[in-house]
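Listed after this line are the structures, all set down as structure tokens.
Below, chain A partners chain B and then partners chain C, in two separate complexes.
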Partner chain A sequence: MKTRVLLFGQLAEITGSKELEMEGCADTAALLSILHEQFPVLAQSKYVVAVNQEMISGNKNLPENSIVALLPPFSGG
Partner chain B sequence: MQKEISYERYQRQMILPGFGEHAQGQLADASVLVIGAGGLGCPVLQYLVAAGVGRIGIADGDSVSLSNLHRQVLFHTSDIGKNKAETAADRLRRLNPEIVIQPIAENVSSRNLLEIISAFDIVVDGTDNFATRYMINDACVLMNKVLVYAAVSRFEGQVAIFNYPTAQAGRSSNYRDLFPEPPGENEILNCADAGVIGVLPGIIGSMQANEVIKVITGMGELLVNQLLTFNAMTNQLYTVKITAKQETAQLIPQTAAAFEKTDYAWLCASPSTVNEIDARTFNNLVQKGNIDIVDVRELHEMPAVDEFQHYRIPLAELKTAYLQLKNDTVVVFCQSGKRSLLAMKFLSEQLGTTKRIHSLQGGIIAWKTFCQTK
Partner chain C sequence: MKEVKLKNIFVQGAIAASFIADSIQKHSSKTGIGGHSIFLGQVRADEIKGKKVTAIEYTSYEEMALPKMHEIREAIFEKYELTCMHVYHSLGKVQAGEICLFVFTSAPHRKAAIEACAELVERIKAELPVWGAELFEDNTHQWKLNQ
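Up next, the complex of A and B:
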């Protein structure tokens, strides 16, 4: 089961890439815990999670070929 | 109030299908407050003034500096040192003398914001820090004002409309539905630290102005319950649906009095300066030095700690103790990390944001264990 992960703003700098492909993540909690382990700085970062372009709160199942977006807050103006 | 409208000035937009005299009249009757005449504020102001929005407030207490000019396109090199709101107002009046422009040459605060906002229909957030952004969001929720939000960082920008009146739920989602609590001001970089490509706030600010015009005239589809992001490097637009959350409402001050008492600068600074740290982080801090460490256990409690210098002030005595803290970073610890949390809270109330205050998670037990296993 594949999931595309899109990283916005400075989150992309943490992972070194704007886009990641993850394998075998049944839900967002599983996906995030793998990402946090791989990129500890990400665990300390603030961001909102969207699954297939809808913001989620809590844990959500990830259907096949889901796109998960992690969006940090920006303050600049 | 129907004002005299110059047909020639607005002719190119008035001939648009669905626009006409009616939409132009709606613009003339509208009032918009733009907070922050910076990278976003400049294009927003230029387009709203040019389009004929009847009354426009500009709130900004900052003055123009040389490093602003690559993106704050209303200002000239000769404006350096002048107040932004007044300078922008002066320039914009020459662009369109038929509308009312009201400069407010001061930074908004929880003391003046509600009064300033009350005189306008729509608020545009073009500020550059989280403290002010959360303050503006909360004020708009409290005062039932539509907020047109945008923010930029490096090559990316975000745009959304918050707190828009809806038939079912009362109001659409707001900034706190996205990010309930402010990050520490140091957690996320602003333009000064992160950098920003000059044209980006031009694009994002223009999108913001576009949303304002659509809100006023009722044309098109609005970015309500949606966050749009744009990447200037890849040209990618990405929109995410936002839903209003019930728990968000209680984060926002419920009354004007509560709002005025909220210290937004502190709220934004505190998560990064007052927190728990784990044994590993604590160990690193101890090795780096230049920290004050306080043991808040009772004097007889074991294990004894002789690995590093520290004060011994039992929790009950902390409130009356005269603290001679020398360093900017303070770590409190106890046996298991519970009492030190209380101590951290107390110290943060006493010391405000002048120091970084940490509590050792899991207490001295966790650190001793860490030292044995590392």
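Up next, the complex of A and C:
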């Protein structure tokens, strides 16, 4: 089961990549815990999560080929 | 699912004053309009720890930003009696002193135009997934925080 992970702003700098591909994550909690382990700075960063372009709160199941986006605080305008 | 054609608000680089002038000119045929309100966001040369901001580089999650902008647009049209509304936001590099956001509302009467414009600007800054990196003279940068 594949999940595409998109990272924006300072989060892309932390991971060194704007896009990651992850295998076998059943839900967002599982995915984030792997990412936090791999990138400890990410765990201390402020961000919200979107699954397939919808902002979520709490944990959410990830169907095959989901797109998870990690969005740091917005600073447009 | 209803297919909605999303307006693209993003432009590459700065928004030219001539583009804004043309946009105003185009409204002369809409004679029901009695008032326009325009907000222009400009990149400020902040000085942070002795280093000057020379430009802001904007990125966005466009697949999310455009549907969100559509939702905001609908809500504003619902709330205020507007004739029309135009929003343009820069992506990529915009130098200090250049325009990075252009919000333009028109209405039969001034109050709706002014209030809608103000609310649009606030919602754009708070709700659109857009990020600005403040670039310094020495090629370092920091991530902008909206106040």
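Here is the rule we go by: the second predicted complex is superposed on the first by the 73 of 77 C-alpha atoms of A that agree within 3 Å, B and C clash if a C-alpha of one lies under 4 Å from a C-alpha of the other, contacts with A are read in each partner's own complex, and residues count from 1 in each chain.
The definition used in the following text is that contacts are C-beta pairs under 8 Å (C-beta built on N, C-alpha and C of every residue); 3 or more make two chains touch, one makes a residue touch a chain.
Keep in mind the model is a prediction, meaning the values are calculated, not measured.
S.K.: Please determine whether it is chain B or chain C that touches the greater number of chain A residues.
M.R.: If we count touched residues of chain A for both partners, the winner is B.
S.K.: In the superposed arrangement, which partner chain does A:Lys46 touch: chain B (first), chain C (second), both, or neither?
M.R.: A:Lys46 sits against chain B, while chain C stays out of touch.
S.K.: May I ask you to decide whether A:Phe74 touches chain B, chain C, both, or neither, giving the answer as first, second, both or neither?
M.R.: A:Phe74 contacts both chain B and chain C.
S.K.: Taking the superposition on A as described, I'd like to know which of chain B and chain C A:Ser57 touches: first, second, both or neither.
M.R.: first
S.K.: Quick check on my understanding: which residues of chain A belong to both its chain B contact set and its chain C contact set?
M.R.: Comparing the two interfaces on chain A, one with chain B and one with chain C, the shared residues are 6, 8-10, 50, 53, 69, 71-77.
S.K.: Which of the residues in chain B come into contact with chain A in the complex?
M.R.: Against chain A, chain B makes touches at 36, 38-41, 125-130, 133, 150-154, 156-158, 177-179, 183, 187-191, 194, 196, 201, 227, 229, 231, 234, 238-243, 245.
S.K.: Under the stated contact criterion, what part of chain A meets chain B in this complex?
M.R.: Those in contact with chain B are residues 6, 8-10, 18, 45-46, 48, 50, 53-55, 57, 69, 71-77.
S.K.: Quick check: in the complex, which residue numbers of chain A touch chain C?
M.R.: For this pair, the touching residues of chain A are 6, 8-10, 50, 53, 69, 71-77.
S.K.: Once bound in the complex, which stretches of chain C touch chain A?
M.R.: 41, 58-61, 63-64, 67, 89, 100-101, 121, 124-133, 143-146
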